[in-house]
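Okay, so here's the structure we're looking at.
For clarity, chains are labelled A, B, C and D in written order, and residue numbers in each chain start from 1.
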Amino acid sequence: MSSFLLIDMILLGLAAVVAIGVISVRSLLSATMLGGIYSLLMALIWQNMNAVDVAFTEAAVGAGISTVLLVGTLLHTRRETNQSPAIHWPALLTVVLTGSFLIYGTVDMPDYGDASAPIHTGRVQQLLGQRVGKVDNEGVHHAWTYSTMAEQSVERDEPERSFPPERSHGEDHGGDAEAGAHGHPNDDFKGHSPNTVTSLLAAYRGYDTMYETAVIFTAGMAMVLLLRRREERA
Amino acid sequence: MSFIDFNLPVLLVIVPLLGGVLSVVVGSIVGSRKDLAWGWALAVSWVTLALVIRMLLAVVAAPEGFVVYNLGSWPGPWGIEYRVDHLNAFVLLVVAGIGAATTLYARHSVADEIPDDRHHAFYCVWLLAIAGLLGITVTGDTFNVYVLLEISSLTSYALIAMGKGRDRRALLASLRYLILGTIGASFILVGIGYLLMLTGTLNMADMHERLIALPDFAENRTVLVAFAFLLVGLSVKMALFPLHMWLPGAYTHAPSAVSALLASTATKVGVYMAFRFMYTIFGRHYSIDVLPGHSVLLLCAALAVLVPNLTAIRQTNVKRLLAYSSVGQIGYMVMGFALANEAGMTGSIVHLFNHAAMKGGMFLAVGAVVYRLGRCHVNDFTGLGKRMPWTMGAFSIGGLGLVGFPLTAGFVSKWFLVKGCIEAGLWPLVVVVLIGSLLAVIYTWKLLERIWFTEPPESTADLREAPPTMLISTWALILTSVYFGVHASFTVGMAQKAAAFLLETTQ
Amino acid sequence: MNLALLEPSTASFLKVASLAGTYNYALYVVLMMIGFYGVIAKKNLIKQALGLGLFSTGIFLFYISMGVVEGGTAPVWWTTDEAHLLKAAGPYDNPLTHVLILTAIVVSVSTLAVAMALIVNIQRAYGTIEEDEIRAIEDAEHPGEGVI
Amino acid sequence: MKDQVVLRVMTKLLVPYMLVFGFYVIAHGELGPGGGFQGGVILAAGFILYGIVYGKSELHRVAPRRVIDALAGIGVLLYAGVGVWTMLLGGRFLDYSVLPAADYGAAEALGMVLVEYGVGITVCTVMITVYDMISEEGRP
């Protein structure tokens, strides 16, 4: 935890400095580049917090696509901003008030990294612990569809809220003899993919991900609507 | 149970989504065909309306008063859950109904305002906007609300910016909406994050149960900040008075069909979300009794009724006038639900429906004027009643509805609002509602006098009536509002059930 | 590296810092507010868009911080038992917040794309992307309407 | 950058590896970090690099606009189509367990792989569109 904390602090401090740079520097190209650096720093921070998928995405998006977008825009516009007054006091006041209010709200939160926080003992863990079966077509919820397996194995018999549960599952989805033994028509899938982020993303919250795809598609269509040159042929 | 009935809640969102995407795929294969794009969008929007009506009937028939659908068959609090009760179903009807009417209208208007080669993309974004609004309304999962909110916002930005062909200010209005809208959505995201931190769940009903189970729920500072940020974020989305700055520009400079669609649906869905967050997640007790948020909302609502209506009187652009009037009407809706009694909430929900129909119809009528004249300055309306009697007839009836004239829909909702104010013992608010109506009389009369009691200038001698599809959809909305002004039992019945359900099922 | 390997002073400092408990949540507010300041205070439209990006990244940092478990590792379960079956070992960081933020990052880049499309169009229509210059143009053209 | 021989040759060498890596990331999403979105961005990066070095007309030759537009929609259709397919098979929307496969686990895996490809296709094509549009010259 401690080395983590040290690196975390250093990276966050750097990120704050770079963020101030993004806002204050006059050259827009420099601001864009600093923005890319900020994204890479964020990717490092998230890597440090073990959010590997998020770090990967931030590196690809923040440092990659966003930079392409911004540089592409700068090709059309000018490269420098006008000189503006050093500090915009009403904005500073708003920001300080909003920020203090947000910090005020963090006071009653569970401690950072506290494993007994509701978010770590709540609904997701029951899902990942495979304590939740699917709902059948009559709307009946078959909770804990692995109950048959729980009887077979003592290891599964554990308190409701432990995370992560001690459990094992076949690496190979197909041809597993156990599948037939407890196969309920609406069973949970036999074991998650090792990357639980992907299984949450594509299965439990697959519906959100579909709209995420739709959001990207919308952005693409908006670009086409707004920027595509008229076709010359009649 | 048939396939459609079983999957009804998700189908009504998926149909416009898939319809929109297919529009682009087909368009890029067969090349751009204006009428194909429009016809397809029309078919999809009417199928959606049919599904929504079926949904409404299913909800009314449901013994518990709501219908649940589990996406991916993952059960309620764990996966994403759709939960449709009377309130959702009613708002769904508003969104899908306006969507169907404005799509019918869009044919000439869009052909006039949007370049020929991008009609497929335009109708794609159009349908996605409808899908996003329906999706926000139907879902019972907070993060799903955020994602769909962003779909509806991104599509709105693109649609509003398409007014650039006629007026470059559309671009500024759109960018301004984008910046404010993104800040609003980020505030909502912060609020959801704070609640997730405390409860460990994203499902609205589950979140409510876990929140009220917290030992120090009423004093918890995290809950307070979450509540405040959600409310501010939602206020931006529904354009509640001090945070309405994006709305007038956006609705004024957008293409006519887009103005009508967004004016009658987007802010209404924002109001609906505020209902949901306040009553379903935080509960009546916390939102109304514990926090001063309730009086802050009432104050904003009262100001929203007074200030924008005053601003509307000074406007010289009719679309901008209607936009300011919309901000004023949002005040009535917010006032109704912040009263937290059944009469007030009924008034609010009924007004949501009535205002969507009336204001939608009026925006469509102004759109017809823009289609024929190319602009909509107040001076352009001089004697227009003699040149375009049908369009102006619809416009005038809508205007009377805004005022709250008896026998129009506006009267019914204001009646309930005043009743709610009296029940709550808030006499100053009754005065505010009356002054608001008086201000509406002033700007409506200013227009009506010009339309009907002045001689048309010679320059408009060859002006013809609007095309039939435009007239049909305009009159459909206006007649709806008149019909439900006279026979208010359906709308009021639905609204009363929804209000009672919200007040009873949460604490 | 553990606490003992650090200089004594640093170690005690870290101990104090971790006692604060919710410090990481306060730090995200600082990053978020730098972006928010950019959105409000800057007149250049690209600067405003960059500020929006910083603002939302601050929120993402908050979500990811929420998911951290003390001593946890990445939520990718690679350990196998004797029978070569995958199994979970040790505490893992919460994958739910990672999933939500993946979606939110995508949403934020989509918003940035639309914003850039609008800004390029504004540059073409007005010849500038400075808010006060555009305001001057609009005030001259449509006095009294107040667009921005 | 059309006269830079080193750039041209290096691009020709690099792009295939970028594409392969992109597909690897999409296909490997269940096992390690990555997935449709990240893989799609990497695939798009290959095309964007090609477009930057060889010029946009060359990019339009290997990736015609109409194909890119259609594919962006097809990615979403593939994702939602899996949902519609599961509904037609008698399950709820996106309930992968009803898909035809050896067992329920395999069915879930099949569903997840299909939707990841859907995401990958859309993200890749939209990112190409974003580059293509933002570098578009002349009035829209």
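Everything below uses one rule, namely that contacts are C-beta pairs under 8 Å (C-beta built on N, C-alpha and C of every residue); 3 or more make two chains touch, one makes a residue touch a chain.
The structure presented is a predicted model; accordingly, all values stated were derived computationally and were not measured.
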item	value
Contact-richer chain pair [C-D vs A-B]	A-B
Chain C-chain D separation of Cα centroids, rounded to whole Å	25
Geometric centre distance via CA averages, chain C-chain B, whole Å	30
Separation of mean Cα positions, chain C and chain A [Å, integer]	11
Residues within chain D bordering two or more other chains	31-33, 37, 69, 72-73, 76, 80, 83, 91-97, 130, 133-134, 139-140
Multi-chain contact residues (two or more partners), chain A	52-53, 57, 61, 65, 69, 72-73, 102, 106-107, 109, 119-120, 124, 134-135, 137, 170, 186, 191, 194-195, 197, 201, 203, 205-209, 212, 214-224, 226-228, 230
Residues of chain B touching at least two other chains	6, 17, 21, 24, 70-73, 124, 143, 147, 150, 154, 157-158, 161, 190, 196-197
Chain-level touch network, classified as line, ring, star, complete or other	complete
Residue numbers on chain B that touch chain C, as the complex places them	143, 146-147, 150, 154, 157-158, 161, 164, 168-169, 171-176, 178-179, 182-183, 186, 189-190, 193, 196-197, 249, 317, 320
Chain D residues within the chain B interface of the complex	65-67, 69-70, 72-74, 76-77, 80, 83-84, 87-88, 91-97
Contact set on chain A toward chain C in their complex	1-3, 5-6, 8-9, 12, 15-16, 19-20, 22-23, 28, 31-32, 35, 38-39, 42, 45-46, 49-54, 57-58, 61-62, 65-66, 69-70, 72-74, 76-78, 81-82, 84, 87-88, 90-92, 94-96, 98-99, 102-103, 106-107, 109, 111-115, 119-120, 124, 128, 163-171, 191-192, 194-197, 200-201, 205, 208-209, 212, 215-216, 218-220, 222-223, 226-227
Chain B residues within the chain A interface of the complex	6, 17, 21, 24, 68, 70-80, 115, 117-118, 121-122, 124-125, 128, 131, 135, 143-144, 147-148, 150-151, 154-155, 157-158, 161-162, 190, 194, 196-203, 206, 210, 216, 220-226, 228-229
Interface residues, chain B side, partner chain D - complex	3, 6-7, 10, 14, 17-18, 21-22, 24-25, 27-29, 69-73, 124
